[in-house]
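Following are the structures in question.
What follows is chain A paired twice: with chain B in the first complex and chain C in the second.
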Partner chain A sequence: MELSRYHPNNLKRISEGMINIHPIQRGGILTEEAKKILLSWADGYSVCDVCLEGRVDLIKNPPINQLKQDVAEFLGMDTARFTAGARHAKFVIMSAFKGGTLVLDSLAHYTSYIAAELNDMKIYEVPNSGYPDFRINPEGYAQTFERVKEETGRYPDIALLTHVDYRYGNLADAEKVGRICEEYEIPLVLNTAYTSGLMEINGKKLKASFIVGSGHKSWAATAPIGILATNYELADRAFQTSKVRGEWSGRAFTKKELSMFGCSPVYGLPVITLMASFPKVVERVKHWDEEVEKARWFVREMEKIEGLQLIGERPKNHTLMHFESPAFHSIAKSHKKKGYFLYHELKKRGVFGVQAGMTKNFKVNTYGLSWEELEKVANAFKDIAEKYGVEVED
Partner chain B sequence: MELSRYHPNNLKRISEGMINIHPIQRGGILTEEAKKILLSWADGYSVCDVCLEGRVDLIKNPPINQLKQDVAEFLGMDTARFTAGARHAKFVIMSAFKGGTLVLDSLAHYTSYIAAELNDMKIYEVPNSGYPDFRINPEGYAQTFERVKEETGRYPDIALLTHVDYRYGNLADAEKVGRICEEYEIPLVLNTAYTSGLMEINGKKLKASFIVGSGHKSWAATAPIGILATNYELADRAFQTSKVRGEWSGRAFTKKELSMFGCSPVYGLPVITLMASFPKVVERVKHWDEEVEKARWFVREMEKIEGLQLIGERPKNHTLMHFESPAFHSIAKSHKKKGYFLYHELKKRGVFGVQAGMTKNFKVNTYGLSWEELEKVANAFKDIAEKYGVEVED
Partner chain C sequence: MNFRDYFEIPLNPVAVIFRKEEMDAEGEYRFCEAVRIVAEHGERIVINEFNLMCAGALVSLGFVTEMAEEGETRSIVLEPYRGQECDVVLVVATPDRIMRISSYYKNLFDEELKAQFAGETAVCGEATARVRDTGEPNISFLCPGAREIGNYRREEVVIGFPKDVFVRIETAIRKQEVKALCGCLMDDLPKDLIERFEQMGFDKSTDHFFGFVSGKSVKLYIFKGEKNTLGIYTSVKFKSEEEAERVAESYAGEYVLMPRENWIEIMKVSDIDVFQEYRKPDFEKRLNSEIEKIVEEARRIKGLKARA
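On to the complex of A and B.
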């Protein structure tokens, strides 16, 4: 084993010192408050110094039990848990509907499908409108519910809507989908991995039965941490406790929540960084409009590059965006670095996060960039275009 | 919401500045190397800046893919994955034996039972010898396998042994259990949550089919991170890939590993701190003998307190220990702080980690304490005993 490769001097983060516009990185950047407490809480199980009830969500010092309630309130729900990522939160929900039928939007993150697959569920998809806007029509939920009824004789057990999808950054009409689900009495899971923690979410108003969030994606927390909020009616079903009994010893673990693996494994920095960032997160969601304004400005600037075009809904309602760029793609064909040229040219200009090798299509996220940084990023793309003879509007 | 409670100034760790002998905290204390890289990698998904294959275990920069192989080699196994804690690793294994029968030791951690419960498995326990040593007799595995055969008509599908249990810190005879499992051709899961990362483990030598480890418990890493190592024969079964297909979109995720939630959620500090600590961990396991020597010395010192007695095997083979202390228990009865007096008296002496409220029985872990610190801890207990008129041998 060549252990020297793991020496701290060899573990420099590649994006360090650059503006990182990687689609999954913007909302997880720690607040100054979270950075301050890192060192004190970095050891293993740090938050479990005083655990009296054997569950991390019940710990009072640090105030995790209180945070759980505050997070639920912040999302307009009754109660919440912290999970090993949004994927684990979805697994927890689907465990409560094992073997049932799920309807989800066809833009859902793959972990939504996998949470259902792990629980032997049948999956039906709500179509999207396809190229170039890829919208989910809320009425598609009613139609798919009816289709499920026709094919299986029963309405589905649960529905899932991806609030903002990871491919186009489209903002779905959660309120309309929520109303449809309410009419059909089908519990709605709203996956807010790209929204809660960035924009205001009120689960009650949106008629969601479950809100799934991602701490490392959108709540300025260290990975992994997911949020699972629900209402009192469904909490017992989602957070079923263990019923197993040791056949020789008689041991039982009746306080442990089964799909949470007994006690959620977020017992260190993930939960404490989420906690330290929480006051800033509560504040920042109020300024979402400015983020959308900046995103729209950025799209306008980017589309000044010949042939470059936003894919997904217009106007943008989110900071995650997907571009099609035939011009960069043709440069790549004859460039000695092939598709990697764009990645390298951006790096030279202090911009990181467009996936290496991508030119025909690429995604970026502008969340939290200052106007100055945003301009720097737009100029980097324009500058590269011009360098290779692609026309850029003034 | 009273958000001021989450202000960094209000998030001081209660054990800070004290010697922390909490049973689960010693092996997870970060190395200096891991502390050095904290700030660079603390943001959300940090290690995913350059993810080309959609799985954290395949990332080349930082060298996670290499680390995975080095960890497997270190454990004497063929391949490995990082999971959301040892509990998640056990869930992954049990998913591959869904609906089957598991035999485990009756000292197993509750998460071993829960991993099986989540996968609808039938559980049989290998008895322990009961008070005061609570030993697991390796022959108990053969007997239990036969009992399963009698009752169900088939031998069990899988067996699990807890290498060192969390209640008494007994070191099980893994080699003997491994040999029995090999004879019966029943795959053995060795749960090394309290051993790998602290002492040398060679899965091949121990005939283990799966090694489960805990990064935050014993590999000087930030929570949550588990290790799941296996051999080539069983890897495909354990790391089954997704087979789901979107019925409208045709989407499929065939590279994603199902029970890992597609891609394990350890994509930030957990995996990078484990990486930065790894060279020191590889080194420290060679000095396990000294840790055992210190633990035995500590037991001798503690037992100088009247009536205080080690529970579990003798001599100690591990640094996690369980004491019975009738004298402290009788003090508690008349003390105005009741059972909390011991916790407070220790804190006053700079020692933290005996569970608040416990006096009749309590657990501590001496791993990694210097001789000086160890002496300070022993003296604190003796000093408290003397203060309340309990006899202490010279």
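On to the complex of A and C.
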């Protein structure tokens, strides 16, 4: 073993000092408040110092129990839990519908499928509109519910909608889907991994039975932390407590929640950074319109590069965007660094986050960039295009 | 990371060292049996003409000729491979691991791994002597001796590498030369269909294909359903959203125009059922004809802005 590779000098983050536009990073950038408490809560199970109740979400000091309720209120729901990530939150929900039928959008994150698979669920997909918008039509949910009824004899047990998908950054019409689900009396899971914490979400208004969020993607917290909010009607079902008994010792763990493995694994920095950032998060969602405005400006600037085009819905309603770039791809074909040239050229210009090797199409996220930073990023792309003889409009 | 860890192989790779001098040897072994012991227990085993208990191995490894005359080999040392000088490196693995190794090998050397085997003198001949002689790796599916006496499990096979090839693979692993491909299956399009479009100059994107035709970017999207029709798209950019909308409203041609802010997406669903027809010889010709028409129409639509 060459242990020197783990020396702090060798652990410098590659993106340090650069503008990071990686699609999954922008909403997870820590607030100054969260950065201030990093060291004092960095030890392993740091929040468990005075855990008297036996569950992390019940700890009163630091006020995690209160945070749980405040987060639920913020999302327009009754109660919440912190999970090992949005994927774990989905697993928790689906474990309450084990062996049932799930309808989900065809742009859902892979973890939605895997959470269902782990729980032996049969899945049906709501199709998307295909090129170039890849939109999910809310009516597709009603049609798919009927299809499920036709094929299985009963309506599905649960539906899932990805509020903003990770592939195109399309904002789905959650309200319409919520209304359809309400009419059919099918609980709706709204996966807000790219929305809650960035834009205002009210589960009650959207008729969602469950809201899944990602602390590290959108709530300015360190990984891994997810959020699962629900209403009291379904809380008992989702957060069932343990009933097991040791057959010899008689030991029992009746307070531990089963699908959280007893106590959700966010015992240190994840929950503390989420807490420290929470006031800023509550404030920042009010400024979402400005973020959308900046994103649309960025699209216009990027599309000045010949052949570069936004894929997905127009106008843009989210800061996660997917561009198709045949001109960069043509350059990559004859460049000695192949598809990696774009990544390297951007790095040289202080921009990080476009996946290395990607030139045909790439995703970026502009959330939280200042106008100045945004301009720097757009100029970096334009500069690269011009360097390789691709036309850029004035 | 070394070869064994990278491919997650339970047993140690075995270094095979041929010697022209006779060495002291203990015990009695079949060659295949000795290889399996070294691979599992990490022992060092020396084999010579007298403790090698298999006539086939004596011949295939060159201890004796087929005419029972003295051969070139006087001893063979088998050791767990630790980077030492050797002639051949043997790896005992299961078919799923061989699959991963072969994929890696193809990526690294741009050639396929081969398996030449007859089920006779297998570990000694097919995986060792042949590899040493040809300088190329080979996969052996073992022989009755190895299966019945050599203690190989039912699912195990043996692959032999010339030392330099094995070293090259380990170097590539260490330098991460062969990049992992994306693990997510984005669609279920047949591989040869994708290749067909690629031959025509279209690259696969996340959900669709794109390419340049007469300087215009053209996209192809397959609508899955009972008939897998093909959507052909190109786009025209205008100065403003209003201009794009005016043009789309005034258009009376055969294509579908979709204003998208200051762009118009021009689209046609072709009659071609892609899954049925992509293997037909005239597929490319028919498709190109449709594409040329849409590109021409895009140019005409661009000109409409003046009148709109």
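Basically, the second predicted complex is superposed on the first by the 394 of 394 C-alpha atoms of A that agree within 3 Å, B and C clash if a C-alpha of one lies under 4 Å from a C-alpha of the other, contacts with A are read in each partner's own complex, and residues count from 1 in each chain.
Rule of thumb we're sticking to: contacts are C-beta pairs under 8 Å (C-beta built on N, C-alpha and C of every residue); 3 or more make two chains touch, one makes a residue touch a chain.
Here the structure is a predicted model, which is why all the values come from computation and not from measurement.
Of the two partner chains placed around the shared chain by superposition, neither chain B nor chain C is touched by A:Tyr388. Of the two partner chains placed around the shared chain by superposition, chain B is the only one that A:Val282 touches, whereas chain C remains out of contact.
Of the two partner chains, neither chain B nor chain C is touched by A:Tyr155. Once the two complexes are overlaid on the shared chain, A:Lys256 sits against chain B while remaining clear of chain C.
Within the superposed three-chain model, A:Gly357 lies in touch with chain B and with chain C [touch as defined at top].
In the superposition on chain A, A:Leu39 contacts chain B only, with no contact to chain C.
Once chain A of one complex is fitted onto chain A of the other, the partner contacts of A:Tyr110 extend to both chain B and chain C. In the overlay built on the shared chain, the residue A:Arg167 is in contact with chain C alone; chain B does not reach it.
Within chain A, the residues touched by chain B in the first complex and by chain C in the second are 110, 357. Interface residues of chain A, counted against chain C in their complex, comprise 110, 130-134, 167, 303, 307, 309, 314-315, 322, 324, 326, 329-330, 357, 360-361.
By the touch rule above, chain B contacts chain A in their complex via residues 1, 3-8, 11-16, 20, 22, 24-25, 27-30, 33-46, 48-50, 52, 61-63, 66-67, 70, 73-74, 84-85, 87-88, 91, 95, 106, 110-111, 113-118, 123-127, 215-217, 220-224, 242-244, 246-249, 251, 253, 256, 258-259, 261-262, 265-270, 272-273, 275-276, 278-279, 282, 352-353, 355-357. Chain C meets chain A in the complex at residues 179, 184, 203, 205-208, 210-212, 217, 219, 221, 223, 231, 233, 235, 237, 258, 260-261, 263, 265.
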